[in-house]
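Just below is one structure, and these are the notes that go with it.
Per-chain residue numbering starts at 1, and chain names A, B, C, D, E and F are given in the order in which the chains are listed.
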Amino acid sequence: MSVALSVQCPECAGAVPVSDELMVAEIVICQHCSSELEVVATGPVVLALAPEVEEDWGE
Amino acid sequence: MKVSVLGAAGYTGGELLRLVHTHPELDLVQAVSRRYAGRPVAEVHPNLHHLGLTFQPPQELSPVDTAFLALPSGASAEVEAGVGEVAGTIVDLSPDFRAGASSASGETYRTGLPELYGDDLPGAARISVPGCMATAAVLALAPLRRAGLVAGDAVVDARTGSSGSGAEPGPASHHAERGQAFRVYRPTGHRHETEIAAHTGVRARMTVTAVPAVRGVQVICHVTPPEPVTRRDVLRVLQHAYRDRPFVRVVARSRGVHRLPDPQFLSGTNFTDVGCAVDEDGRRIVVVAALDNLVKGAAGGGVQSLNVARGLPEQTGLEFPGLHPA
Amino acid sequence: MKVSVLGAAGYTGGELLRLVHTHPELDLVQAVSRRYAGRPVAEVHPNLHHLGLTFQPPQELSPVDTAFLALPSGASAEVEAGVGEVAGTIVDLSPDFRAGASSASGETYRTGLPELYGDDLPGAARISVPGCMATAAVLALAPLRRAGLVAGDAVVDARTGSSGSGAEPGPASHHAERGQAFRVYRPTGHRHETEIAAHTGVRARMTVTAVPAVRGVQVICHVTPPEPVTRRDVLRVLQHAYRDRPFVRVVARSRGVHRLPDPQFLSGTNFTDVGCAVDEDGRRIVVVAALDNLVKGAAGGGVQSLNVARGLPEQTGLEFPGLHPA
Amino acid sequence: MKVSVLGAAGYTGGELLRLVHTHPELDLVQAVSRRYAGRPVAEVHPNLHHLGLTFQPPQELSPVDTAFLALPSGASAEVEAGVGEVAGTIVDLSPDFRAGASSASGETYRTGLPELYGDDLPGAARISVPGCMATAAVLALAPLRRAGLVAGDAVVDARTGSSGSGAEPGPASHHAERGQAFRVYRPTGHRHETEIAAHTGVRARMTVTAVPAVRGVQVICHVTPPEPVTRRDVLRVLQHAYRDRPFVRVVARSRGVHRLPDPQFLSGTNFTDVGCAVDEDGRRIVVVAALDNLVKGAAGGGVQSLNVARGLPEQTGLEFPGLHPA
Amino acid sequence: MKVSVLGAAGYTGGELLRLVHTHPELDLVQAVSRRYAGRPVAEVHPNLHHLGLTFQPPQELSPVDTAFLALPSGASAEVEAGVGEVAGTIVDLSPDFRAGASSASGETYRTGLPELYGDDLPGAARISVPGCMATAAVLALAPLRRAGLVAGDAVVDARTGSSGSGAEPGPASHHAERGQAFRVYRPTGHRHETEIAAHTGVRARMTVTAVPAVRGVQVICHVTPPEPVTRRDVLRVLQHAYRDRPFVRVVARSRGVHRLPDPQFLSGTNFTDVGCAVDEDGRRIVVVAALDNLVKGAAGGGVQSLNVARGLPEQTGLEFPGLHPA
Amino acid sequence: MSVALSVQCPECAGAVPVSDELMVAEIVICQHCSSELEVVATGPVVLALAPEVEEDWGE
């Protein structure tokens, strides 16, 4: 298994763990803010906010 | 470490008994109560039935390393000198020693809020825990203030459960009056405004509503930034401030039913959850913070501070994560 | 008809003020309170803000047609003679005159339960309203008993909201203790057992639980029939018994979310809803009844009885149908 | 006057059925539902059990004087033209025709808020009722604005019960998630901000929290006055504004447990209670308003507006004063 | 010990995640969910925010020592064979394998109720946890039955919170319907009757009411003894039965506000509290039992049983004592 | 009985009914805001806010 590193979430600056097995265009999800993040580069990993559909949350 | 709890029949006192029991380094010597001396603790705190504890009268305090004072305002001040003679360390939950007051023994009380005053606490022998709504508002506002995001006064809309006013019955806490109440009982002039100002430099204009809950405090802080900001700017400030703080969680999700801090998930825990949103024009920041008034806002804050004061891991005895569903 | 309410600052007293105001034939002369004499009624009963009423001291009772006594047990007995001097009719909500007791004036109290004693009431000058849980259980059990469907004792599981014990605060009604409570406070030996037996001939073995509600009583009566019966048999008995009674609704639906009587829909109303189910082997009948303890179980039952006593349409002033959602 | 209710199986629709039944001048012709056509109304609204009503399908609308639309946003707009063919007057509770929109028949919708637009309503054939939180905030802010007491934006902290989002189940309204929730579900950008601005000229920066209640809206409006003011100044403005308005009560007591508007006492009523407080330095006004979202915030507001439109006494059919205890 | 949780997005599944995290001998390998695969666990279970877990899809089960099945009835049966290929031990919370059913692998399921079947469990590789209301009633009735105190059938009045029916929304769990409900949703014929009979030999005539709580089950068992008994007789039987059982507490105090088992103090704990009362004539025994349906009635019962099966101290990972006030 | 008139509450401006039987120094209580008001003159009636003890209202 790969070493656990982390990069900052571009939305909330929370730590997002990334493995060196991540590939460009993969989506990871920020544990802190639930944002969907796209891997736009690897070595080192760079994440960008993926376009997201605004989900209705009731009420 | 031997500890005693004064005011053990009250609500924060009961939580201290629970936390002390869970804590691997703390041993309870006395659960002190005037009214219930000699009676089983479980008569008052049914959750502790299996512990087989009995309340002790305040007349016979045994020597301990640390005494927790879970007494009403005024009562702490009254007993402090006497307690200081049998206890090396005092952790006070009341307002009596909050603004850097002095102990009868001459020592200055340190503020029991490790997130802001963690460096002050190691070695402390006198600790005063801030008020519950103040703690929530301070943890919400302090990072923004430090980051220069607060211009002018803040509006702080605070909601509190009924345990916040303790175990003493009265007309305002009578179930038939209080059960469904949204009682704006302190629309202006709450005394926690002063505490918030002292710890953050922000003038908080508070409005406090008693809401249909037993535990829990939630504050909504409305802040005007000097210039328009984005949600991302504010989140970054919060994440940065609390990156290494085990008991402050930044909660601001963009999906799911539960996105911002909600006290319902914090009952029994020592967490403060903090999150935010920003108006479309960037001219108002809304910071939401929530905690359990009896734990992080009182008993847990006291144990956490004692952990730091004694060089123990900060989370010791405070690991309960809370429940979902609540 | 001129009326006064004694105990007007209490919970059933407040409901009397509301009902009297709504009632086209009743005019309030005095809302009597010792503690709040001279104070606005709205300070205690905020719902009546717009009426501009003021509490009057008990020392100066004006002559009226009817006086309602909404006083604690013992207090009614104490004041009854004096009240009888200024009021032609007395309607008492307390337990003091329930079992056919005599007034100080010599008259026998009639039971304020028109569903059972409607023929007794016309012309009555002394009326005593049965207890709230008793009313629910009696309306559930009486028809079955009359139809010969009750063999042996009944088990009556009763649940009650916090208003059932009145407006006086105490440790058991403190919101933080009571808010989420399922407190079996009277597992056996409740005094309403006697009332139920007196009105139905059934020995009810009651267990009473204080539940998280302000208003409302619900009883689940478990009855053993002499021989196996069907749900249809029992429904028929209930429908027949209450066909012409405006305030008892037979509720036993086979579809929808809400099938059996639920007190949540009865707040503020004078209804008792009654429904039933039967075990597959026909050997246990379950009768469920629900009502609002402050209305049908007290103030409303009193007004309804007065209507019958004075020859007014039974429903006068009692038309509020309740709310959904609650 | 013959009326029909479309969306009668929903929450505001159910309240319309209740109010129409109570109203001496209105006669219900049809309670319309797609899903429950042919089923008893009591299956959905158990409080109306004794009325013996049955839902009708939308395909067969009978001619009526007035049709109430209690339909979701979009659905009202869709059916309006068709309904206009069978009904002389339409009262719409949805957002579809709120900003002075035009009916399919060409007529302009008048705003169903008699407190502000009472002069517009007589003779109206198309009425659109404002949103529930908007109504509360507008009634709180409009008098202050007119009196020149509002400088800059207002912060509006709104709390809402679960009935505010209607009868349709979903993950956010699931009881185990919602029962104890303080869910800040719209921290910024609520659509009622626009309505408030349109009716008062005040930019309201709203934060909305879903709170543990079924009915009820409460708003806390934090207003900065151009110059320091006193509580007395603000109270005077409110009293003056609402002196002759039967459904707005100024509630700001200096004694008792319940001093400021609390939605718990407004369930089922058409009142909006409004009260205030002012910071010691006079630089913040706190106005609190509360109402029942299903009544004054929807069905009751519609009936009240229809009363005014038809020249009936404004309070007809809307006399229920609410309950204490709640 | 490596474990996985299937159905981890559900309510009992979430509790398993919490308990496994707390448990020093268990390590979570996978939190499995179909719907939320790839999403943060905290989106569904906000209390676990700080754990940083992510749901995994069911397609890729890793080998583990133990798999917990927290799946609806039917779903467990469906996946059991497949799970048996990657997990040495299966703990199932569903009804699918309750009556001593056989695993796809041929092994018989043991009953996950150590208080009755503790001797059966050591070494077990297939464990089925009984239903939550059944567990409460069985722990209440079994000792009485064994002591010869039960003549004939028992009446079991059961109350349940909304989490008992899981995380799936629906009309009956919609907050506005359920929030204040006392909904007698199963007056007769509940399927737990069979389980109770199987474990105790007592025919339980149950009536189940959905009550205003999220967590918690309370049963009131009305038992007719063959001959008159005293409260002391019954208490003795209960004390004797549970003297060495860490998770059953006999609660029957003669003083204080809280005397008999109340589920409000059991949220999050693995306790069952059991207490009793006896009618004055000795002819009815009332046994009250309470537990948290998601813990002792499901997830906690599973972990406790696994502890016994693996020879670990029974209480490991289950130490949380519950809260007062609740 | 005397005719029901009303004067403004000096605190909240709500209407306070006053009878012509009121005497100077009597206390009346405003129904709207619960203020205690002292009759400082009659014919016409003038009310002033009576000094009040700030009552604690719990919580």
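The rule we apply is simple: a residue touches a chain if its C-beta (ideal position, glycine included) is under 8 Å from a C-beta of that chain, and two chains touch if they have at least 3 such contacts.
In this text, all values refer to a predicted model and were calculated from it rather than measured experimentally.
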| item | value |
| --- | --- |
| Copies subunit B and subunit D touch via same or different residues, half shared test | same |
| Duplicate of the A-E contact set - from A-B, D-F or C-F, the pair where over half of the pairs recur | C-F |
| Pair sharing more residue contacts (C-beta pairs) when D-F is set against C-F | D-F |
| Centre-of-Cα separation between subunit C and subunit A, whole angstrom | 62 |
| For subunit C paired with subunit D, centre-to-centre distance based on mean C-alpha positions, whole Å | 33 |
| Inter-chain centre distance, subunit C versus subunit E - centres from mean C-alpha coordinates, in Å | 38 |
| Interchain centroid distance [CA atoms averaged], subunit A/subunit D, Å | 43 |
| Shared-contact residues (touching 2 or more other chains) in subunit E | 11, 39, 42-43, 49, 163, 167, 171, 176, 179-180, 212-214, 258, 262, 325-326 |
| Multi-chain contact sites of subunit A, meaning residues that touch two or more partners | 34, 57-58 |
| Residues of subunit C that touch subunit E when the two form their complex | 153, 155, 157, 159, 171-172, 176-177, 179-185, 187-189, 205, 207, 209, 211-213, 216, 218, 220, 222, 257-264, 276-280, 284, 286, 288, 290, 325-326 |
| Subunit A to subunit B touching residues, read off their complex | 10-15, 32-35, 52, 55, 57-58 |
| In the complex with subunit C, residue positions of subunit D that touch it | 11, 14-15, 18, 21-22, 39, 42-51, 163, 167, 214-215, 246, 249, 251, 253, 255-256, 258, 262, 265, 267-269, 271, 273, 294, 319-326 |
| Residues of subunit F that touch subunit C when the two form their complex | 17, 29-31, 34 |
| Subunit F-touching residues of subunit C, taken from the complex the two chains share | 38-40, 42-43, 49, 52, 54 |
